[in-house]
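Each chain carries a letter (A, B, C and D) given by its place in the written order, and its residues are counted from 1.
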């Protein structure tokens, strides 16, 4: 099976800004992007389903299951256009990461995206004293305006690089001539962090020239934690390894 | 090597119901589906062998080895037609899961399947007090009749989604326009559970309008446990890691 | 890169017997097959190199490195013809196992192989009191002559099936109409076992109607243990995980 | 996405020597090759980006992110021509290793490379008393001149073979008729080792007939250690497993 890009709606764009927020460290990027989708009343225009995602469906409030997926939502605020990439998962393999990132850039190219913001967390392993947002770019000319918006730059940070789609979009967008920025909220890393998300959101609002409330971020973070607590509980309810030999590769829920 | 679908027998169907029960949580789905194959005297019509399954043969009572595989058995009860998907394993990789699920849906499409039931367990990590069957669907209109048959629906449950083929068939069948339901027997999860299987079987009989005995489920569960105990024993008899460097990726039995 | 089959020598065969002995439980199969290659003065006719094997070279006595590989050696004893499949490794992935097995069967088909013996160990996790060889077949008619040669058959044993190429060759040879037998020497499993190998060799000699000495098996096992001890030592000398982040997927020796 | 070979500059070569030094045991090979690139003022002529590398960008001193990659740098010293293969990572899968090695050999073939040196470490698990460089070759005729340059050869060493690109280049270059040597600095293995690198560099200078300072090797090793310490710190700041279920395959930094 190949990755499928389902266009749900035809919309015209001049040169939108693409914002990516998929699950990652502290779920900071996901919190911000999901929040933007809701606050900007963005409309879902694309669904991506892919064998590179886990083989899994999510069951919604109504008992209806849907494949895990990535989605692109579109919002127009005054004369500003935004495409927001959100989703349940990133890829399960390195090769899949590269493929999905390329595919997102194909879409970006098609819609004439002029700028990409990828959102993530920067884990430091302990409580964060001061709200802080670190940046990385794929072109040096992007740094100055970011600094003015309050983004921190430290040489060679993050030392471990940026892993996953937030990093790949920066690296691969160079080949397409699309400027791209990664904003990383400094976060403990070991918890879902609405505070880190707030920091990123504030900076992003300044950069995009938009304004949205931040109140619901805490609520959203709590909901995510509940989902994750459920997952944890279910995992404890799996067959112990010695009873699951014949399906050891995956923990089947259904 | 590509996945191979071997048609063993040509049979005509009007619009059969496909029932999936492959290994998973508590082996609930497998117990029910294997049971149905036997009780309905279903006939094997298709074998699926695939490099996405473990590289392994199963040795039968007679000492004859056969590749691990998935199988589709067909049964006709009065004017009702059933295709039952059973097997030794699910795929070993995410990509393989998607491929096998698509392939099963190709077969479903070819045979004009009008409805899919996937069967599984819902692990809760402790003893189950009350027989209970949870449901998920790929279309909201399917919920009401399920509730009437005693299936429980709780918002966002299972929280971890449904992993493996039971989930994927629901999610991917949407694209084919085939309604699909997942029935999950609530089960401790850490043991093979004939009680959970009985719950699912009862609900399924109500939904399908058929009747089969449930007596042999306990026996079947005991047999599965014996097989798994053997596996466990053999695993303890492997080369320790430091002596198996040159074949560390797999534990070879033969 | 694709798997490469290098034919080193053209030889004519009427209908040879293929014997497989790659690394596995107790290295029983490898011990016997390597021994046969030497005792029968078999000639190497084919080398198989493949991206499904570990990315590694073996350094010989002379300091010359060669890719890890599988090899087919040919021997003629009176009017009997043997092809012996030996090698350093089995595949590193399930998909690779299926591909290599199919490729070996392509070769078997080309050379008109009339019978396949795959050799392995049957690990029981404790000292073996009595020399014993278990069997599995891909056709019931093969059992009787095996029993006469002293091979044991027990219903559903090995309970875990036969994993790796020894199993797959049996299962996939059915599709080609080639009869195939797996001989498994009962072995503790946690050590390289020349005693288990002797048992298999004796049975095999009876079945093939040939005679070779067994003396060198102990010596061969000791050599293998030395190699493995070296591997163990080198592994302990790797970068600790926290210093090897950038090459964590493999332990690089070179 | 396919592996991409980006030619940055067209340069003419008669028959250069290819030197490989990617991350590995004690980072010995990487230390030496990076050092040579700087000391010989080599010019980057090729960049390789590949889905077989981790899905990751590296952030430089200036805050600019770039995809992880392999690079080939070219240097001319008098009438000598060198191509030096350096980079951030080796492949993440066995199949990827073979593909990248083949691709490097395609480039070697195109530039008429007459000789390959691959550089690595030989981990012994304890402090190294005496500077020592072990060798392996892909053709016996290469051994004598190496011995004269001080390279040690011991039968069947390294016992575990040579894993990764340093080994594969030797093994696969045979098929192309390119002589290749692997030089392994004896090293504790559990630390980044500038001393082991010095040993390799000295031998290599003798073999290549060039001279470069060794002073900066210690400095370079310290820098690498800092980067790795950062990585370690960031890893400790990740979501704990039970909070990262939905992105468990990778630890996302961005």
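As a working rule, a residue touches a chain if its C-beta (ideal position, glycine included) is under 8 Å from a C-beta of that chain, and two chains touch if they have at least 3 such contacts.
This one's a predicted model, so the numbers in the text were calculated from it and none came from an experiment.
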Relative to chain A, chain with the most remote C-alpha centre: C
Turning angle required so that chain A lies on chain D, C-alpha fit (0 to 180°, nearest 5): 90
Approximate Å spacing (C-alpha centroids) for the pair chain B, chain C: 34
Inter-chain centre distance, chain B versus chain D - centres from mean C-alpha coordinates, in Å: 48
Numbers and ranges of chain B residues touching at least 2 other chains: 92-93, 160, 231, 235, 245
Pairwise chain contacts under the document criterion: A-B, A-D, B-C, C-D
In the complex with chain A, residue positions of chain D that touch it: 1, 49, 51-68, 92-93, 226-227, 229-231, 233-240, 242-243, 245-247, 249-254
Touching residues on chain B, where the partner in the complex is chain A: 23-27, 29, 88-95, 97-99, 101-102, 118, 120, 122-126, 135-140, 143, 153-168, 170-172, 174, 182, 184, 188-192, 228, 231-232, 235
